[in-house]
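Several structures are given next for inspection.
What follows is a pair of complexes built around chain A, which joins chain B in one and chain C in the other.
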Partner chain A sequence: MTVHNLYLFDRNGVCLHYSEWHRKKQAGIPKEEEYKLMYGMLFSIRSFVSKMSPLDMYAESEGKDGFLAFQTSRYKLHYYETPTGIKVVMNTDLGVGPIRDVLHHIYSALYVELVVKNPLCPLGQTVQSELFRSRLDSYVRSLPFFSARAG
Partner chain B sequence: MADEALFLLLHNEMVSGVYKSAEQGEVENGRCITKLENMGFRVGQGLIERFTKDTARFKDELDIMKFICKDFWTTVFKKQIDNLRTNHQGIYVLQDNKFRLLTQMSAGKQYLEHASKYLAFTCGLIRGGLSNLGIKSIVTAEVSSMPACKLTSYFLTNVFSSYLSGLVVFVSCFCYLEDI
Partner chain C sequence: MAIFSVYVVNKAGGLIYQLDSYAPRAEAEKTFSYPLDLLLKLHDERVLVAFGQRDGIRVGHAVLAINGVDVNGKYTADGKEVLEYLGNPANYPVSIRFGRPRLTSNEKLMLASMFHSLFAIGSQLSPEQGSSGIEMLETDTFKLHCFQTLTGIKFVVLADPRQAGIDSLLRKIYEIYSDFALKNPFYSLEMPISMKLKAEEAGA
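Now for the complex of A and B:
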């Protein structure tokens, strides 16, 4: 059980942060293109999911979220989006269940506290704050489904 | 706590607003820091009136500084000053190991050169509070490692100390520029 990597996007598609822990295979394209590909794919999936849904999503009590995660035979991609358009995307392996609250914590306790409230971090650009990077790293490493050995 | 975030965000905007509207050359000679400090001065004067309206008269200067470290700091920043030192001759050093306006910025050396901008308002706050309690003073700040900071206040009690105050202002401007 492990976490492979994490992306943080803002509402304009700018990749605010990327970090990886266990990634055995690179995408083979430059990082900038990888971020654009990821963002574009998520945007398309989101609109696809809401259009093709056989049920009315907004009628359910806790519906309204739409796309939550997708999985392949090797990994699972978890997605969380805030009303302000910040998207948290985490790739983990298959043994991990829904981690919505984890992604929510990354947004509220880390991004909002350390980046939004930091006057020297301009919004809409890649996050330069060392504090954010180190706190995020130690938080992810402390998660119960993170193991130091790539599993 | 919503009110804490409000003050923090407003203060950050204030600092960047003062710097954005500064003319050429003003950033270098510390005028922006003086503007922020004067804003803090006026706010401190008002705050101290409000906070001390029900307390008893203060016995001496040390009592006043203890009030600033405990009640005043708790009401403004929701915590107390961690350490107060004095030489009993008018110099008081207040140390805050987790200064509320700096905790979000960094934990160490990153952004250190910008830290003094975010302390100017608080220096003025202390100076304004002391001035309305009858003490003329000069307050300076130094940050060696975020988010800990040291605020030093020099009480000006007689004619000779006006010379000292000129010297201190000169040195403190130097500190803001050189980040000693």
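Now for the complex of A and C:
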């Protein structure tokens, strides 16, 4: 069980942060294009899901989540979006269950605390803060489903 | 209803078969007096609620019927424009039925092709070697399962998130497809399937 990589996007599609831990196959396109492709795919999946959904997304209570995750034969992509449009995307392998609370923690305890509340960190562009990078790295490594052994 | 719909997509991304079986969507009918406290707008040939959510009428719901008579896109059954009709105080009080709009067959075609592309992108962005495309997509209201055959045909099933056994259902649908469509000498490959037998088997 392992985490492959993590993306953080803002509401305009700017990739705020990307880190990888165990990634065996690169996309074959430059990183900038990969971020745009990932963001575009997620945007399309969200609109696809809201059209396809047989029930109202907001039928029972306000704040239903919409798209949560997808999986292929080799990896699982987990998605979490905040009401402000910040998207946290994590690729893990297949053995991992729902990790919405983990993604929420990355947003609230790491991104909000270390980047948003930092007056020296400009929002709307890639996060330069080394503190954020290292805290995020140690948090992900401490997760129960992260194993240091690749694969 | 545990299975909501079944879609079969060909190699090129075109929809060749589609079956819906979910219960009718929640609708709300209310009587209004002038002026209307909802903001309506025209979108994609339908009149949708843009603002003014209340009492079961939500943003994104479409006008389904006025005074009990079904609405035809943006025109009433008599051929008058809905927005014009609702803008005229002489027509009030009026009873309007709102609900989630059903997908038109054009929209289903578009969604099937959209899924075809997303399936391929899912495989391209994979951090692991040899990944297939999207096999299962999870949301809080439904789960979408996809099975791609060796020939590139995709069988897509939308079901309740708690429903089990969809994988064997997908294999069974593939079996039915090969029995009824492929063994039929009059069926040309990759074309839309319209056989009743297939529909009955799939509904079972």
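Rule of thumb we're sticking to: the second predicted complex is superposed on the first by the 148 of 151 C-alpha atoms of A that agree within 3 Å, B and C clash if a C-alpha of one lies under 4 Å from a C-alpha of the other, contacts with A are read in each partner's own complex, and residues count from 1 in each chain.
Here is the rule we use: a contact is a pair of C-beta atoms (placed from the backbone, for glycine too) under 8 Å apart; a residue touches a chain by one contact, two chains touch by 3 or more.
Quick caveat, the model's predicted, so the values are computed rather than measured.
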- Scan A:113 for contacts with chain B and chain C and give back first, second, both or neither. first
- Message: Is A:129 touching anything from chain B or chain C once the two structures are fitted on A? First, second, both or neither.
- Response: first
- If you stack the two complexes on chain A, which partner ends up touching A:4: first (chain B), second (chain C), both, or neither? second
- In this superposition, the partner of chain A with more touched residues, chain B or chain C, is C
- Task: Tell me which partner A:74 touches in the superposition: chain B (first), chain C (second), both or neither.
- Result: second
- Note on the structure: Footprint intersection on chain A (chain B / chain C) at none
- Message: Under the definition above, what is the set of chain B residues touching chain A in their complex?
- Response: 5, 8-9, 12-13, 15-16, 104-108, 110-111, 114, 118
- Message: Using the touch definition from the top, list the residues of chain C that touch chain A in their complex.
- Response: 4-5, 22, 25-26, 58, 100, 103, 107, 111, 114-115, 117-118, 121-142, 144, 158
- Item | Partner chain B, residues of chain A touching it in the complex | 113-114, 117-120, 129-131, 134
- The answer for chain A against chain C in the complex is residues 4-5, 20, 22-25, 27-28, 34, 37-38, 41, 44-45, 48-49, 51-59, 64-75, 77, 91, 93
